[in-house]
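Only one structure is covered here, and it is reproduced in the block below.
Chain nomenclature is as follows: A, B and C, assigned in order of appearance, with residue numbering initiated at 1 for each chain independently.
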């Protein structure tokens, strides 16, 4: 479903951070992307989302039988480490998505309400989004993305700078998102309850990407 | 001093008694300046967005150009427009000189640089993530643009208020291309100039008070919208 | 050496200070209408006065309304204006003293060469004004309370017309601006002959009506009442006023030419009652 070949990227006029000759991915698993600070985890995720253009090589997603280059709005979504919340209410953030995707009237209302309920934000619906706590902000960003039932979510350090309870809540939410059939790639430089649930590890080191696949804790 | 007090009292009386001549002048001022702002806003927004979000060759020069236009004296705008619209000028056939439309054109030219420069800085300060988030969540190009402007709404309102304050208080081009014609192109500022010339200070002072009050209202409005007194703009 | 230079410098500075102080004491401030100033009459007369008198005249050219206001507020020493009724009120209220008729000039009605209202060649100003109103022609009015504006208002009254017809535009600006506006809009207006002669080359207008006695325009010189304010240069003001109505001043006024045309006619001592020439409603 993801096909990466001969990918190389780096910052302006500097040598490439890494070169990835070939990366096939079924796009079903929960992936933990590892790497030291400065190894280019964020850049890699942004490339997959099409927010940046690779210096060299190609990235192709196969969605619904057709092969496309990113960006794939609504299907492959990248969430910033500090997700951007629009300056309106919690429900308003979701209503934006409804409007942009052409949902109207009762359909839009029902979907927004159901998603707020599902992510435990119903009580905050009318609150200003920017007054939420860190964990709630991440949950709102996930809810906003989930509304579109994306195929792949690319999460940039989703649990960094959250307290223990918030990490637990967010992890639960990401797990259930994954169970509904959305593949997830999440970067994290520290292990957590969330990374323990991952069934695949990608590691950016020695200027390349090492892939290890686990099933019930055993390398296949 | 006594004279000054008398004049002030008379001015207040004119305002409170809703003197029709006074309010007609105020009406013309607001109609002209509001129309100019409404017409100038969309293109100013587009230019500001272009300057703030799109890297193109010569962008720094375009930005300096906008800032330069902001410093052009209003009488120079008046003079140039007069020459263009005069019967002997290239646009003389339009017969626009000494009409409200000509004044609106003049005020658009005066408002554009202020609007563009302020909108540019406010749009520049918007987080890049806002655009990326909107696009990924399925917003079209125009929808993303609209959301960006909405995110910057306080800056946009500040720019509009500042530009409005500038053009409604402007006299140089208003008198040159409007002509200060009673019932047609007589505005608050041209009327003040005339009343002073006539030695009739009360009506001039009353109109001056209106402008002062307007500036106060604009600034308070801005302060209220910003939440708590983060006043960065003066009108 | 250094001390000598310093003392030289000090002497120089001191004497400059004294000279400028002396000038201030000998300065006379005259508020007058734009018509006398723009026509060049004052630039022609005043140097001749200053040659023989120890005074320097500062001219403040404004509309008659403003000129009288400046006099009332004691901001000037004397006024030279042309609005008889307003001048009479000015003197009656004791704002001014010693009014003297100096001269008169005349007004003309000008308009576009295609003359849509058919005024050209007329000699009756009142009739012409009535026609303008009937035709709804474009007419640019000064509307600034100046002497010319008062004259125009009086003519509307004589013609039995309230000036609110379709083409009437009150500009509230000076004569030059109003003439330019009339030219741009191809409308009619009332102007003093001096400003007209000075500007006509730049205008797309022609004289329509002239020569009617109703268009005559008397000028008076009035001293600001010295009892109302301290520090007025009444002595200098009186010297100027007396010189203007002296034989020398009167002859010079008659001899003044603009574009080879006589503009002003000396009239001191003719004892015309100014208010009999023009009755304004204000």
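By our rule, a contact is a pair of C-beta atoms (placed from the backbone, for glycine too) under 8 Å apart; a residue touches a chain by one contact, two chains touch by 3 or more.
Because the structure is a prediction, the values reported are computed rather than measured.
Think of each touching pair as a link: the shortest run of links from chain A to chain C has 2 of them. Put simply, the chain closest to the centre of the protein, by Cα centroids, is B. Taking each chain's centre as the average of its CA atoms, chain A and chain C sit 83 Å apart.
In whole angstrom, the spacing between the mean C-alpha positions of chain A and chain B is 45. Per-chain Cα centroids separate chain B from chain C by 37 Å.
Annotation for chain C: no residues touch 2 or more other chains.
The set of chain A residues that touch two or more partner chains is empty. Per the touch definition, chain C reaches chain B in the complex via residues 62-63, 65-66, 68-70, 72-73, 143-145, 169-173, 177, 181, 183-186, 204.
Note for the complex: chain B touches chain A at residues 127, 129-130, 132-140, 143, 147, 150-151.
Chain B contributes residues 3, 86-87, 97-98, 175, 179-184, 186, 190-191, 194, 196-200 to its touches with chain C in the complex. Across the interface of their complex, chain B is touched by residues 49, 51, 71, 73-74, 77-78, 80, 82-84, 86-87, 96-97, 99-101, 144-145, 148 of chain A.
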